[in-house]
Amino acid sequence: MTNLDQYRESLKQSGLEMFELCEKQMLKSKEAFLTHDSDLAEEVIHTENRVNALDLKIDRDCERFIALHTPVAGDLRFVLALRKINFDLERVGDHAFGVAKYIIEINTPIDLKLLENLRFEEMYDSALSMLDDIKEAYIHDDTKKARKVYKKDKVLNKININAFKVISEEVKKDPNLIDQYLLLFSIIKKIERIGDLITNIAEEIIFYREAEILKHQKKKKVRKPKE
Amino acid sequence: MAKEKKESVIESSLKRKYKLQAKDVNVFYDDFQAIKEISMDIKPNSVTAFIGPSGCGKSTFLRLFNRMNDYVDGFRMEGKIFIDDQNINKKKVNVELLRKQVGMVFQKPNPFPKSIFENVAYGLKIQGLKDKTFLRERVESSLKQVALWDEVKDNLNKSALALSGGQQQRLCIARTLAVEPSVILMDEPTSALDPLSTAKIEELIHELKDKYTIVIVTHNMQQAGRISDYTAFFYLGEIIEFDKTNKIFTNPEKKQTENYITGRFG
Amino acid sequence: MNNIRKNKIKDQAFKALGMLFTLFGVSVLVILIYNILRVGFTRINWDFLTSLPSRKPEEAGIYTAIIGTLDLMLLTVIFAIPIGVGAGIYLEEYSKKSKLSSLLEINISNLAGVPSIIYGLLGLGVFVRYFNFGGSILAGSLTLSLLILPIIIVATREAIKAVPPSLKEASFALGASKWQTISDVVLPSSFGGIITGIILSLSRAIGETAPLIVVGAMAYVPFVPHSLFDAFSVLPMQIFNWTTRPQQGFAVAASAAIIILLLITFVMNGIAVYFRNKWQKKLK
């Protein structure tokens, strides 16, 4: 393996590390929330430092790669995509961190029926599966897998839109629950944002592999990958 | 008494932070000053690149470390050059011995008009090493290090001049390695080669770093970026900046360095 | 007539002229050789080569002359090569470039052009008279050595100069001493050039007559020289002697001897050219 390939491989590994770190953060936040486990939440908060440190490291390493190896073509698209993926993953981690913070701030556990009404767990699971899909797409440079996440994102959007309706109805029935509902609403927004971030990552992977920019375009177009 | 001795051995090996050092060096060719007050410390097992425009003293400075400038008429030096903490310009230093410790690879491949085997074995034969088995082993291991062995192992008696340019240069490197130096000086080793051969030799330098201290003069800045740990920017006989390559290429201290690196040099 | 046409005509004219001159030179040579062959070819036989010279043209042979020539060449080589090559190496590799050394360089080249009879006078004074060697093979070969020494020195220097300095650099960079570099790198590479120079200078020496006359090569030597101090004769001398005789038989014998001499010269030059080509190929 040449020096250039070694460096690129190590960048890819760092990206994978970031994926796994943020995935874990999301999993832990979900569990901590559903079981109201404040210790687990503390763990997530503590790990946020590692996420930030890794984000900085990847940024620096990308800069170094560009300065020292003057990459072109596939190598260049890879490092440009990685920078954006890294940025998006850091935001995902940030949202997971936000959820964990809520758990610490709110003392009482959430009513399980509320969660069911809002299809909370389903939404969270969808987001987690999207993250897993996109991680696999990243590892194998698989644009087909990357495109899968668009469909799942629609589920997230649907639940998000629905949540507003459900909450406004339920609050009229029992105004005391408004605090909990507002909290749940914020978290649902966060998960919806996570879904958007993951579709961004999908665009980056597709750009890197196919040199095609899907940003700001209709996502329905299906192109044959370059190989 | 024995305890004291032990401590100083440990001390001295710890002290040996630097493999090569230059202190307040000035070089003159008759009245022309080629090097102005340069001091430099080079760490062991690193690759240091010298970059800068033509005629700015890079090759001259490089050649101070194996005293190849001694052959140039009018050469005069002030200051000190140290290798492993020894001043190499002292009268008692045996120049031939020095050059077995410090090898050199030149810009244009210069194999001897002898066979491939004879070329690699040359440095050993002039030391009086005659044992055939030993020579064969050393030639084989040197050619393996430069990834030439498989290409030439059945043709060791063929003339070295029959090889391609890239192969000849790798042969010259093997010839240098056979003597088992600890420092390798390279004066624009790939500027006369095609891109593929250049890439092979850059890979080689990357692998050699583990065992040798390498200093390379190069006109190709991207090459310096790709293979070196430290870079020194020379201009008109002075060192403008000397730092980690990463720093020089992402955020150099001096404006002059930045201008040169970005190609804006006037 | 425009420029292009003018140039074309000049081109053709030069070409034609060149061919004419070449043809002229070649045809002179051809006529010469033809004449010699016509007169002397039939005279050549084994008796001719192995007989001693005689007052009778039919019995005269070139045995002494050939032996004399060969002995002389051998001795000359033994004296001239070590001194000439050694001096060439010293001057090219060891002496510092200074006004004195440039003066030396010019003068050595000049010596190569000095008329050979001057060398004969030198040899007469120094070897024949002062050292008392007499008109012997020893004196003759020493004189010829002096004659070809400058040629060998210059040829050695040129051959050494032709070795790319990059090879010497490579050798020094590997820790070789000056002498090791010279003996292991420079000399093997310049070997062909030096040999060429030696052979060419010998083929010149073979034809030298004037200095040998002065030194005392005899025209009539009816015995084979046995020691260094014996009198001797050489082919050119023999030819010269026979051409001065009135008998037609001697003219024929002279032509035959010339053929032999030319043959030897051509063969030696051929060998020199062969070596030079091999040497040039090696350096590429």
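We just call them A, B and C in the order they show up, numbering each chain from 1.
Rule of thumb we're sticking to: contacts are C-beta pairs under 8 Å (C-beta built on N, C-alpha and C of every residue); 3 or more make two chains touch, one makes a residue touch a chain.
All values reported here derive from a predicted model rather than from experimental measurement.
Engineer: Which of line, ring, star, complete and other names the graph you get from chains that touch?
Structural biologist: Graph shape here is a line: each chain touches the next, no loop.
Engineer: Which chain has the mean of its C-alpha atoms lying nearest to the mean of all protein C-alpha atoms shown?
Structural biologist: Going by the distance between chain centres and the overall C-alpha centre, it is B.
Engineer: With centres defined by CA atoms only, which chain is the most remote from chain C?
Structural biologist: A
Engineer: From the C-alpha centre of chain A to that of chain B, how far is it in Å?
Structural biologist: 50
Engineer: Distance-wise, how many Å sit between the C-alpha centres of chain A and chain C, to the nearest whole number?
Structural biologist: For chain A versus chain C, the centre distance works out to 93 Å.
Engineer: Sort out for me which residues of chain B touch chain C in the complex.
Structural biologist: 66, 68, 71, 73, 96-100, 103-104, 106, 108, 110-114, 122-123, 125-127, 161, 172, 175-176, 179
Engineer: Chain B touches which residues of chain A in the complex?
Structural biologist: 2-4, 63-64, 67-70
Engineer: Hey, which residues of chain C end up touching chain B in the complex?
Structural biologist: Touching chain B from chain C are residues 97, 164, 166-167, 169-177, 180, 184-185, 188-189, 282-284.
Engineer: Can you check the complex and tell me which residues of chain B touch chain A?
Structural biologist: Interface residues on the chain B side: 199, 202-203, 206, 222, 225-227, 245-246, 249-250.
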